[in-house]
């Protein structure tokens, strides 16, 4: 018979600072290995040898290491916030327009979209996030309204420290200029009746969402509501109900890290959402939000040092959802 | 700020009997809705209006309801045990021959197999289970050896109550007669060099694995080692190391319920493995093994009443991994 | 030993009038069976029970029957003329941007385009015609220049009788409003670097090309240069060299009738290009251009009565390329 | 206006000997370039620098050059004869089990087979030839009967010179040992109900058909019935009716040269069937059968020197079907 699991009270008192420092030290030789996203100059020019990590307990305690206060482009992590905001507006009817299954093919594939009649497999692939953005555009009177609403929402999730969060307009404009494939998907979904707004407006809003810049502490803080049964710990406000918070976690676990979600769940065992800017946000239900950032990527599009850091985190702390 | 989560000690004392009875009562009007698997007469003839459910605490406490002691064909649930046994033999080298990603297409698709050069996406789709069986055939001196080894393994996992577990030979032979698609996949993987034994022998062993018959209590009991950090609670023996047990859970969550794994994780939030015989095995890490059985299936191939029962279970108990 | 084939001299003196009348009589009960293209009102409102057919000998002799002087929307038949015009401008370098293989999937599929990195399989599927139009846009200083050039080209091919040929602007505008899928393909190819102009401009020109209206006699006349070794019989001008004319015929045979090209070659045995407006243009090398029109379509998108008429034509005359 | 086409009488008197010699001389530097099929030792060991070509007029005149009397493995060219024989037995009902469309994907793809529910696209891809062989197995009392019947049929088509044609048993056995992918397709089609015999027996017969050995003169001779309106010129017997002979030609043109059929039609313009042994059989309707052989292959699986030789043949003689 096994020894009993550590009690949760112990965990909430847990001091993760030492763990973060061990991770930082161990990974130092590897930081910068991999390839920085290069499809727009603004991302290509980011120095690959950067690394930051932060853990935010839902009681407000902060642990951090490295470049944890340096802002970076959150990219696809914005899909998590966009989905939450759209879910607040649409409720479960959202799921008639986007699925909840892992995609099983590279994140921007049109093949699946064709096979499934314009319904994206989940809200964390580009096609799904475009549908989610289309909902925000409808609810907020157009593309600019959608951008403003998402930025305000992310700031509120990040608490008092989040007031400085901005969209990098130059990154957003650059994204638009290289968004042919997203435009293809948007038009394609429109051909199936699953995009209601103007393609240009939806693409515009989507690209600006991706261009939000935050640092590890801000992102870890903004993710805490998911770990905290849907309640924003900094305002006490219910962002979503407890059941929806769990479901958001489930979605992150099965679909949050591109086509490597299965492998990520296997190795790390935490609900997470990654972006090609090198950031990964994760949560430990009931305890904390976590964010790691390092710009050099694995082939899957996830931060290489970031994935390893999270894997070390769950190994060292013996904490995961499994 | 939220109220603190219930302490684990409370949970291990939890009495699930009342919960199971509420589930049984609530679902009664729906039991039998859906379609019983019909590709072999032995499955087609099973009465659809049956329902059983069992929870096995890792301390040995048993809760059960309905037809929980009636044996049924475990079908794809055998993939979970075959994988564990093969992993004991092969270790991590197993993952060079089979992936860990959700399939994203129906469970017996050859398309994916072609695109990925004969490497099945995960060990819980048929192609992956055939590769796993091929390993067992190699390690146990042929198809019959593989069958015997798996049966002995499952019995040992089920503890003292498991000695009566048998393979239904008639079901096994029937499966073989309708296994053209599995034979196609086996030959196809052989053409890529990813199947080493004789196709006939592998198919034979595979079909007999699927024809193992167990009841809900036996299956819940046999799954407890995963909830118990890899240790068989009935023998004290380490089946796999704690880290591998977590990883097995992760795999069940992302790949265990056919092409509906995302939706299942979303609705239920427990690692699970289902079979077209109508059984679903799930675990709550650190606590218990769960098994529900009802033969009528959803389109996805998962038991309809079984899926609803597990969804109710996590709603009522507020227990899930998220 | 068989009797010798009829001498070509006999054929050029052949009187097809009787044949056309037999076809018309035989098909009368079937005319109107099938479904008129309905994605734009202008096509949906065309009466299905119309039928016309014309044969134009390269010596200028005209045979015709039914509604052979009634103009209709040539739709995809414009792809044949656009390709010829682009080939005049680009020569064989055209084939670096578009293939020459049958598509093997429905004519507007994005799957193939993804698998083959943005190179459409042939110039007669929509994606291929968009690339061809992109070339025309580049050569003629924009979308309007491309439209004007193609219209002038088609008029010249149709000879003195072709001066009245027009683009139906209302049809063109309607096409643009329902061109989401074409826009998706254009953006998608742009993401692969295989579309150089502005997507909106290319789509605009493409949709207006499809909206050209001609009658059977004009179309049969315009196709005669292919049967006549590349020389426009009405002007004596070499449109393309003899070898290219043969190759154009080969392309029509293997790719000219959507996903039914194999079946069409099998049943009819003539190089042909069809459109969803119900027109089909075919040629008998060395002899004549043929056009049949009837708006009701087979599932493949080819005119139902038109396909049968051509099949009867080759059966009755024992003339085909095989 | 163009000069009149050469009269057919001229052609039938045409002396192709000079043409063949010019082709042989021109191609000499290239013969052997490419890759010999290597999946079985018997094919891998064939010297790549061989080249033979023969033209057989339907009046019996023979023109030949190079290694035209050296036998080689006809491989997929056997699909042409198997189809003809099965068509004699089944008539048009054959087309309910196999399509007539170009495949659009590599010749052994299972993807298409899955998408189209076990109905192969045409009888010249492996899957289609397996269905055709299944028909022969049914009509001739088993696999050996099918082999014997096909061998006798090919001998009769080749006329008096064909009595020495044999199956190379060693090649046949080798093919069987590497036929995993064909076995996969056969089982897969069986799962759709489109294969009636025993998979092993069908594969066996199929592999032995591919192992027939013939030389260029024999093959050109055996193809003459297609050029001769379905009548075997050497026996006067009607092999198929004239319309079916034309349809066979159409099928060769659209589907006879693997995934390069469109390009082959474009460049060569003759109905043809190729094999990975390096042989290509073609016909000029009303005139002659042609066969070229050179073992080194293009990526498409067609003989490299063989394709070029046929392209030169139609360029020099200005004879093609277009």
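Letters A, B, C and D mark the chains in the order given here, with residues in each chain numbered from 1 onward.
Following the convention adopted for this analysis, contacts are C-beta pairs under 8 Å (C-beta built on N, C-alpha and C of every residue); 3 or more make two chains touch, one makes a residue touch a chain.
Just so it is clear, the model here is predicted, and its values are computed rather than measured.
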item	value
Longest centre-to-centre distance from subunit B, chain (CA-based)	C
Centre-of-Cα separation between subunit C and subunit A, whole angstrom	49
Distance between the centres, which are taken as Cα means, of subunit C and subunit B, whole angstrom	56
Intercentroid distance (Cα basis), subunit B paired with subunit A, Å	31
Of all residues in subunit A, the ones touching two or more other chains	none
Chains grouped in pairs wherever the two touch, ordered by label	A-B, A-C, B-D, C-D
Subunit B-touching residues of subunit A, taken from the complex the two chains share	1-2, 4-5, 7-9, 58-59, 99-105, 112, 121-122, 228-229, 231, 233, 236, 243, 245-247, 249-251, 253-255, 259-263, 265-267, 269, 271, 285-286, 315, 320-322
Residues of subunit B defined as touching subunit D within the complex	109-111, 113-114, 180-181, 183-188, 190-191, 199
